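One structure below.
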């Protein structure tokens, strides 16, 4: 029983990260049908930004860690959003303007990701960074179940972000515009909607969330290295698709699902088979629901 | 006028500057740079009474097998190096070793632990000891130190070093403590960051200690997460822990743990201490085992060049001379301990077990020789 | 006669390359680069069948390559080489030059059958959903092999050099160079014939309007299967050649990074352009190697004009910054890839005189 | 009468192909003007140029001017054309947002409107009385609508945007006769309330019957113009566009 | 015997009944019109006939063979060709390729023939080439054979789409609003073309159209549906004067 609860908590935390990153994927995808393969690396950049911001404040003033944290959260989100928007401006937008096939933008995103990773490596060197402790760790223990305050914060953050995004996308006018763009970019300006602003807004949201995820991740797994975003990025993408890409609920659920599957497989089967089993399960889900859990099949009207 | 190009001894480095383990490449390169500067400052390597300057050429193998082969071929064919240092990890060292052996160029891998790297390859050598030796060291030490009868193992399935060592450890431990005394044998993937599921499984099987033959960066995460999950027992590690960064990343959580390795930085004496101090001064961090092993590997090659008595400007002949000299080195006093070479070109050397003390230094606990 | 001059030219070029390798005029490094170019051509052109001509987004090409590499390695070692796992060779090593191509083709076949795990879901789902099925397939193949201790697991598998040596023992010619060239020609030739037949053009109709294709009598499921199997089969052949050129395989050599390299080559060359795939494979491979020489040159140049501080040297790390940067710039100038969806003959109609591009 | 929109010597290009070679015409406040012409004459191109949509879908203006109440709008971004000038376009090929419901499609068209919720609701009613079918399909994802229903939605969106100038590109395409006539009657009614209309219609007969004035476009040039009655009597126009 | 017989056809989408208990018998060689208000279910009926949807209820028989369970390409192989309400040509392939690919079901060679370029391959390709050229010739499209459809004017695209359907050599041709988007003179041409095809190839045609001129001058029998069920049928004259049809569909043409 204890094991079950413990694993449940583990899965919730790990799934939270998948969910946070998958939300960013889905948001951008939902608007531009662009698989932003650089998203994992934007997340990595977010973690680094958080690192620099936090060490800056810690080093410069004699702030209490919690004050530093309070400053780091918004700054990180803002700066990371800046990175995302910059990519959009200099790499994706010109291609879009030229009417390139969307997969060329996807490949460009992939390349941007590589530049972020290796540029970081080239500039900062291969040494890993240790993220400073900004939160006094509290371990709550009941019987064999242990959980840290950080874990709870992470889970809470994922849920909050999900609710906010879900509200924006489904309830607001700009959210409606975002959904419209994915279907027909041509007609959006005809509705009086400034398309570029909406796209920039999307990148601000998506990358901001990646920044938040990066910060929380750095606090939970305080070792930063240039390639830290690659694998988790790919997996979060998979989670987003399994949930039904383009759908906020899908990304959220898909992230947790992947977290649960990975933790579950390790807990129940020989751990060496984790990837094999986890991906088989995901394939099975897609087999049953070919457009993901929340994905709606595009009805081809002929 | 007609200036003849200055004669130089070219040595190639086939190292992972990008890809999965850039830190390994960087450390290798740092150590090599330091050695290069040392020797060239004296006017070059003294061979047969003549000083010849050195030139080191660094090629990135991107941590990929095919790139390692291409890099090796480029160094051999285009740059005409007389010997190669690296690759470091076995994934690249095994195929690159084949290439060097086929092309009759001596190669010394600092770090590779896979027996295949050197097996039946007269041109390939290494500076690190093999898993089959390190496994028992860890078992014996842990059994004695922790009075352990049960153990758990957490390793990286996709990393042949980690997996190989884990398997040997399991075999030896169970031979000593009876079947099923390794109560949990759990794996993770190479770039994983969350180990809570694995650790939950391990903690629940209540082992006396956890053996973690993993790279230091993952060790830092594993140890921390284990503490978060309520584990209070000891860990035992392997040589891959031995990085300067371990303490920076792991902090207090790792203090008091033990691991087996090639050398202990703290409390080192003589040449080792000098190396460490200078490296620290130059790069601002304690050299890890890769740096030390690269240093030794390169010095081995230089030693061989000197042993051969004269430098031959015909590259092919010089390579042969180096190989012959390498294979006849009987004993070599490296900063990672003194080593002898067996018929395969693998070193026989002592392992040390190191304890991480309260100040975070790696202090010598015990030396175990084969 | 004139119509075949293009073909004849290619074969002549191949013969020259082989001859130069044989007599040592090309050093081993250049030879190895040429062989990797050949392998990359197979990879990119075969992926183009699915991603370009059929318009799907398959991201797990390396998985099929992996299958081909392992199947061929195990078989060739089993049959023609002494090995610590498989023991004595089943056949006399003198037969290696005959047996090897059969093994390569067979491993292609096995990879093609593996391709079914992607082809069958593609009946129901498309686009980005298919993308993750292929990624998952890639991971699963790697994970499966890592769990197979008999082929070395994460340690990798070797012994193929001995098979190549066995071939050299029979006749001393650059065997692998010959096989790679033959494999490349065969792949490009197969794809060319496939996509230029009315039968194969069925996949292009799926790309442009699947509904119309199905209603206009194209058996879309069958065509998808054919395309996926052709593509993964050729990837398997590329894998088999790769394994024997390297003499060593390791599951991590076929991870998602390798797949993305294939993707980059396809889109760089241009979707649905075979010529583009060939050109971009050459460009990509050569650029990767050239940067080994260019970066030190840039470093020297920058130091010469004193832009860089003395203590800082540009290292090879910058390679993987420069490559994507170049590709991004290239795509900004040619947002449809080097060749768009055109072939050489469309851009230079006069070439048609020399070769029938059908 | 005030001239609302004026197009002067407009030349536009798709890539390297010139689609309009100097087109000039104007629309006055409260007028209904129609552009007729064969397939490919450049009618759609003209409307897209006025809407200031960016390439690649829309053409690039290389010469000439488009003015709105005397001010050039060539530098205006497309969304401003709607939100500031209140100039709407019902594009050829409907371009509805298939992943949104019918209701959301109508709602998105009010994006630039700044008036009260109540006014907006009044317009919903107007659309739903004109096209009762849309009311029945309110919650349906619009991509599964029938061809004609989608066309209704496209026109409905233009009404929702509450513009005082609407450009319609073949609004009757795919509509059943009954509905087509209803739609034209409603548009006429809106026109009486002050709406100006620029109409493109394949059925020249119908278009001229509906409009006050017309222009005839042929391969990128205006070849005839005048009041509807004049054009209908013009023998050339009769022969080429009215089917004899 | 009738070529197409539909009995009790019903199609539901969720709660929506798009077609309800629809019946029709088409005699061989007839030219029938299908009209009805927007959203009446006309296109849905076409989709059901061509196998794109599986009917919720009802039986569709072609030449006596029930088509339930057949995939669209199998139905097409039985001799049912169609055009689409919105043109769906393969826009990046030449007109010639469009015509050739539509003959996929009777290519008569397989993958290996294509790769090995067997005798059979050349024989069949030649045959298809011949048929396609001939067809383009017939349809006055010969000079556009190597053009991309996107570069053709709308009227010609419609014609190419009909040619593509004809290359299937159908027994039954389904035309979905062939005159939509055509100007008056093109409509005249279209009427002539359809009439000519009907006579020349002696095939059965069922067409949906909103332009009364087209329907009235071509069809010998017209069926008017609303809410997926027949509300009136008869000759053009009957329909034009039917109160029900006027009320539900034609309306009055005063503007």
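The chains carry the letters A, B, C, D and E, assigned in the order they are written, with residues numbered from 1 in each.
By definition in this document, a residue touches a chain if its C-beta (ideal position, glycine included) is under 8 Å from a C-beta of that chain, and two chains touch if they have at least 3 such contacts.
Since the model is a prediction, treat every value here as computed from it, not as a measurement.
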Message = Once the contact rule is applied, which chains count as partners of both chain B and chain E?
response = A, C
Request  = State the chain with the largest centre-to-centre distance from chain C, centres being mean CA positions.
outcome  = D
Centroid comparison with chain A (C-alpha atoms), farthest chain = E
Query = Once you find the CA centre of chain C and the CA centre of chain E, what distance in Å lies between them?
reply = 44
Request  = Using mean C-alpha positions as chain centres, tell me how far chain A is from chain B in Å, no decimals.
outcome  = 36
Task = Go ahead and note the Å separation of the Cα centroids belonging to chain A and chain C.
result = 32
Remark   = The positions of chain D in contact with two or more other chains are 144-147
Key: chain C, residues touching no fewer than two other chains   = 142, 146-147, 211, 215, 315, 317, 319-320
Remark   = Note: chain A residues in touch with at least two other chains are 98-99, 118, 121, 272, 274-275, 302
Message = I'd like to see which chains touch which, written out pair by pair.
response = A-B, A-C, A-D, A-E, B-C, C-E, D-E
Remark   = The answer for chain E against chain C in the complex is residues 50-52, 71-73, 76-77, 81-82, 84, 88-93, 97, 100-105, 107, 109-111, 113-115, 117, 121, 125, 128, 164-165, 168
Complex contacts: residues of chain C adjacent to chain A = 51, 57, 121, 124-125, 128-129, 131-133, 135-137, 139-140, 142-144, 146-147, 211, 215, 256, 260, 263-264, 267-268, 271, 315, 317-321, 323-325, 327-328, 331-332, 335-337
Message = Per the contact definition, I'd like the list of chain B residues that touch chain C in the complex.
response = 17-18, 22, 29, 58-60, 62, 64-66, 69-71, 73-74, 76-78, 90-91, 94-95, 98-99, 102-103, 114, 116, 157-160, 163-164, 190
Request  = Name, in rising order, each residue of chain B that touches chain A in their complex.
outcome  = 17-18, 20, 22-23, 25-26, 157, 186-189, 191-194, 196-198, 200-201, 203-204, 217, 220-221, 224, 228-230, 245, 248-249, 251, 285
Ask   = Can you name the residues of chain D that touch chain E in the complex?
value = 38-40, 93, 133, 137, 140, 144-149, 151-152, 170, 173-182, 184-185, 188, 202-206, 209-210, 240-243
